[in-house]
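Report on one structure; see the data block that follows.
The letters A, B, C, D, E and F name the chains in turn, as written, and every chain counts its residues from 1.
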Amino acid sequence: MTSVHMDQISWVEYQQRVEQGAVVFLPCGATEQHGPHLPLGTDALLSTALSADVAAQIGGIVAPALAYGYKSQPKCGGGQHFCGTTSLDGATLIALVQDAVREFARHGVKRLVLVLGHYENTWFVTEGIQLALRELGPGCELEVMRLEHWDFCREDTLDDIFPDGFPGFALEHAAVIETSLMLHYLPHLVSLDKIPNDPPADFPPYDMYPTRTEWVPPSGVLSSARGSTAEKGARMADDIATGITAAVRHEFKLEA
Amino acid sequence: MTSVHMDQISWVEYQQRVEQGAVVFLPCGATEQHGPHLPLGTDALLSTALSADVAAQIGGIVAPALAYGYKSQPKCGGGQHFCGTTSLDGATLIALVQDAVREFARHGVKRLVLVLGHYENTWFVTEGIQLALRELGPGCELEVMRLEHWDFCREDTLDDIFPDGFPGFALEHAAVIETSLMLHYLPHLVSLDKIPNDPPADFPPYDMYPTRTEWVPPSGVLSSARGSTAEKGARMADDIATGITAAVRHEFKLEA
Amino acid sequence: MTSVHMDQISWVEYQQRVEQGAVVFLPCGATEQHGPHLPLGTDALLSTALSADVAAQIGGIVAPALAYGYKSQPKCGGGQHFCGTTSLDGATLIALVQDAVREFARHGVKRLVLVLGHYENTWFVTEGIQLALRELGPGCELEVMRLEHWDFCREDTLDDIFPDGFPGFALEHAAVIETSLMLHYLPHLVSLDKIPNDPPADFPPYDMYPTRTEWVPPSGVLSSARGSTAEKGARMADDIATGITAAVRHEFKLEA
Amino acid sequence: MTSVHMDQISWVEYQQRVEQGAVVFLPCGATEQHGPHLPLGTDALLSTALSADVAAQIGGIVAPALAYGYKSQPKCGGGQHFCGTTSLDGATLIALVQDAVREFARHGVKRLVLVLGHYENTWFVTEGIQLALRELGPGCELEVMRLEHWDFCREDTLDDIFPDGFPGFALEHAAVIETSLMLHYLPHLVSLDKIPNDPPADFPPYDMYPTRTEWVPPSGVLSSARGSTAEKGARMADDIATGITAAVRHEFKLEA
Amino acid sequence: MTSVHMDQISWVEYQQRVEQGAVVFLPCGATEQHGPHLPLGTDALLSTALSADVAAQIGGIVAPALAYGYKSQPKCGGGQHFCGTTSLDGATLIALVQDAVREFARHGVKRLVLVLGHYENTWFVTEGIQLALRELGPGCELEVMRLEHWDFCREDTLDDIFPDGFPGFALEHAAVIETSLMLHYLPHLVSLDKIPNDPPADFPPYDMYPTRTEWVPPSGVLSSARGSTAEKGARMADDIATGITAAVRHEFKLEA
Amino acid sequence: MTSVHMDQISWVEYQQRVEQGAVVFLPCGATEQHGPHLPLGTDALLSTALSADVAAQIGGIVAPALAYGYKSQPKCGGGQHFCGTTSLDGATLIALVQDAVREFARHGVKRLVLVLGHYENTWFVTEGIQLALRELGPGCELEVMRLEHWDFCREDTLDDIFPDGFPGFALEHAAVIETSLMLHYLPHLVSLDKIPNDPPADFPPYDMYPTRTEWVPPSGVLSSARGSTAEKGARMADDIATGITAAVRHEFKLEA
């Protein structure tokens, strides 16, 4: 038996699977504070785990995650003033994605999915994809999907998990969704006893630079992670993996 | 008990250890063909494993590896014509290292070691370090060590492992050293039965562009991996980890 | 009497007002299709008009707008396949903002507000601000606010204007908000008779590259602009100008 | 009736006119001190006004001006030490022009004219055009004209306006030509009573860095603007518009 | 006796002379067609020779010339369509100059002169100097002079050499000035018998891209080099060397 | 008779020889300390001299050397702390090479050899070549060879010159090989009496940043140059020129 993980298979096996039309997934994470209860690698770990679940269903391949992402912003990741958050300039992330897409195209990959686990990556990943496709030119057969995994949580799931109303994905940094997903996939990396009980952060409709660090809870958790469970994580992981699988099959015209 | 891996600990724990003077290790790997018997992730996997061995001895922290590296060259990695080899432009790798060093300096890290597992990375990593230190300015307290891990194999070990003479590190791509180290650390990712038995590659004292692909064995293995064993791997891993540990203690003035 | 517009006053007058602590506003627009009924310059025109309203209240100065912005995306601006949409690479916009912020700091400006009228600009403007502040160093006294103007529409206003429920800002491209604001500020540039009556666009929770142009209505309007009026525009303009004025006074500690 | 200004027409109208072969004009200005009597936006305002005059004669389109230009130099614009002068790095201006040219080519524009109103822009605009054409490749049908508008003043006009001898375009910064053109096009933005009466600046045949600010009159006016009149402005505007119109018709083979 | 040429002295001698306050000259040339009678290296050769003459008078040092320059333009160098013309992108030349200035500052050089022998270099060299000084910060003691050598020809010399009127420096590419200077300094590299006898080029007051190659004489000579002599070259070389020497002494406050 | 040096011939002659298939050589040197006995220009001077020897044998052309190279490293060139060493950032060198290769391709050159005389240049030159070829696309007929000249010294020569064992090329900076080659080619630039008699440098198997300057002999000579002679230089020059000539004939399929 073999692995879905590109870094665990030989080039010979990779080539065979690419020639058979395998979809390649590139998880785009970050090294970013996720409160005192989740590890710094949460974004890369979750986007990799979810990609692997999808890849297992459709014979896909998961490339090594981008372990560093764009700079953390106060409103969605706490901000750059946290120790441990290790971020890239926008130009670096753009170049990283452009290089990766160019290389997958050279391999003969026709179907590539960038699975984002860090919200701040979105626009720089988008630019990297667009620059790569411009460079590759109109003859290139590669098609690329880009997604943020949490957008595949079903509405009824969110209704059940947040009976008092869903606070929105922005405030969900290191909160119930990410904590539950980590409890599902990597429970040994979660310290439930260290979950802070701060009230949710409340941000005005603008941003200030330099960062007004007093806007962000000192723990780095933007809304409480209390109530996180592995069961909730399993349900959301299922939503996400099922949703991405369906999207990939639909857009890339794979047989189910 | 806690992990040496930065991506598995919280920012709170990371901060405490950095404040205590922990050495941070940044493995710099590649996604590159390593013959039909080793996985594409060999360089990142080995530099991470060796970094973890050192970190365990001195209370260090291993940052997430750079999983993509500079373009593979025929004489040391087979070249860019192999499927699966997924490489960065020089400017991208320089920027990635510069960003990472800048961030570790912001964290208060004083001692940083870049552990290279991919020879082609050397000069671009060097430039990234130098640009970061120039940007940080003369007041910055950060000191950086950069090394290629195989340079710490002891001469007597190489004499024993290569009784007919050591072919040199360049031809060792996917050969006895890397295969033995993988058998030591990650034997389930090695397919001993797929080791090709090609004669060693023979290169002229110059390079040609576009790549003369006929110079490189089709397997991507530059000299034979036959004779690789986990025991040899263990001995070399011990050399390397011991050697790096001593170097780090010496240069960073740590107490043993 | 003098102008709030920087390009209409002399450097001598500008300098005097900056020395008195004037807030500088930099509108960040785009040249982008806005359907058959709105002009290509809508984003720069509106962000300039709103900036001028705020500047008039607090003795501010409006710098010349960035008339070109980041690439239009299908879900928020229709996409890059429209003729007339004239966009910048991410790196260009980052550099443009970084240069501008550096220059305003040299002038002695202490309070700068970037008023975005084009959603796609957000992250590249953010990066430009952050790079400029990093370059200027910790001694720099400049503080920067960044905002998207529509975020200052009050909830009760949106409830009144969208009695059937607000479709969200994303689909509001060239729709009721922008059309009403244009009817308020620049009615001669609006062709009410050309408003298309397409149903709102419906997008999946992911993006595809190259753009699936069939996802986007051929008119470029993402939800209907029917029902737009100058009165609605006036009410929203008042919300926005009042809200930004209050935010600016609060964050920059201006006396009312 | 419709506008010659791209930002005031819809994409639908723009597309129709481009399909009919309309010439597109891109004014390249600056935000730069122009003495105490002219506004900071003079260069963009004049290059836009002159472009509009030409466009009106040949059914052309005037794109939104580049409102920021390359760094002001002592000998032609007073230098970067003036408050209010807000300039771009060379790389930023190059990129801005390259992006714009690439986009106009995508629209199907075949005839593009860059109308410079700021001397310091010349070489960076030139590089931007050349890089764009290199990127677009030999199959691209776009032809580009680049000009500085004052070069179209007729010799007899200059003889009449400067009966004591024309001091040269370099010293004409904020002097008789620009002031007269502003009196013709935008008289409400000119403060004739604030024209300084400094003697013309006198520069050696070399440049010094950092800027020797004592070489430049404190007003920023390099030779006197006394004697400027709207009539002189009208005559020069006519020279320029007529000359550009003829050049455009000749080079782009338009019927008169 | 020792050399004025930096590449011919040891670092020890260089250091001593820099510590004594030596002025460093950096010739900025090109590899560019100069007609059938002058060599491709004319611009670097002449700017080096003139720099050496000045350096000999004031104890200066001549750094190795930048042998490649910015792209040749039709109106001043014939254009990029000539075989042999080997040019740099603007960004490359900017970076080259910025790097060089940064390094001379590190050496302790306080007085640096960039001697341009290729008109197209001017603005990119200017930007490189400005970026280097910005990076070095306000505490840096380095002062930089930038000049085009021909601007030091005295008016009476030009009157004598061009009795029918001086055509202007632009058309002087590969014409009387450069040919005479080469006959003075490097006569063995001049083929007087190959001077073409084309009439002077006549350019309109705008530029076209792609280059209208028919505007440029096929020989690459923009006005005739007939009448060039070593004596004229000697006189102009004396003007230039004397003029630069005086300028350097004046600006850098050297004792004569 | 004519020159092998591109900067000494006219474009017309250059074009003729390129059309006849001439091989072009681009020497890639440095401005770098070479001890108290060798000049700062050693690397460019030697790579140019050796290129000229080869070019003379095969009707080749030697382009002007890149006189500045990548940053000197302690283990191979002494390091960046020496006065006089004048180095480029990696990105600058990459761009310089990419621009040069693009231009030679435009000229119609089919055979290009980059002759490196400075070890630190290797990887940035490699990247420049690769980026140029990627940009030129698969249809480009240009083939490029890249070499470090010392790699063509024959083993028996090294055995004779170093009877006590060859210390390796790394420590040969400013030592017997370079000094002997300079005595052969440019003896007037060698100060034999200033050769220091330091013991060879001894470096650990890692690098430290900022540079541990105490690792490097204060003279900058990494192993003794004692014993250098013009005869040894002649023998090595012959090895190198003969070896490169053979390689060039072989790879580019020239008739001997």
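Operating definition for what follows: a residue touches a chain if its C-beta (ideal position, glycine included) is under 8 Å from a C-beta of that chain, and two chains touch if they have at least 3 such contacts.
Bear in mind that the values here come from a model prediction, so they are computed numbers and not experimental data.
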Lowest number of touching-chain links that must be crossed from subunit A to subunit D = 2
Trace the shortest sequence of touching chains from subunit E to subunit F and report its length in steps.
-> 1
Subunit B and subunit C are the same sequence; what rotation (0 to 180°, nearest 5) superposes their CA atoms?
-> 120
Per mean C-alpha coordinates, the chain lying farthest from subunit D is B
Going by residue numbers, if over half of the contact pairs line up, that's a repeat, so tell me which of D-E, A-C or E-F repeats A-B.
-> E-F
Measure off the straight-line distance from the CA centroid of subunit D to the CA centroid of subunit F, and report it in whole Å.
-> 47
Could you state the distance in Å from the CA-based centre of subunit B to that of subunit F?
-> 29
Let me have the rounded angstrom distance from the C-alpha centre of subunit B over to the C-alpha centre of subunit D, please.
-> 55
Where subunit E touches two or more other chains at once, by residue number | 80, 89, 91
From subunit D via subunit E, the ring reads D, E, F, B, A, C
So, in the complex, the side of subunit B touching subunit F is made of residues 70-71, 73, 89-91, 94, 120, 122-124, 126-127, 129-131, 133, 143-147, 151-152, 204-210, 243, 247, 251
In the complex, subunit E touches subunit F at residues 5-12, 14-15, 18, 31, 33-41, 44-45, 63-68, 80, 82-89, 91-92, 95-96, 99-100, 103-104, 106-108, 189, 191, 194, 220
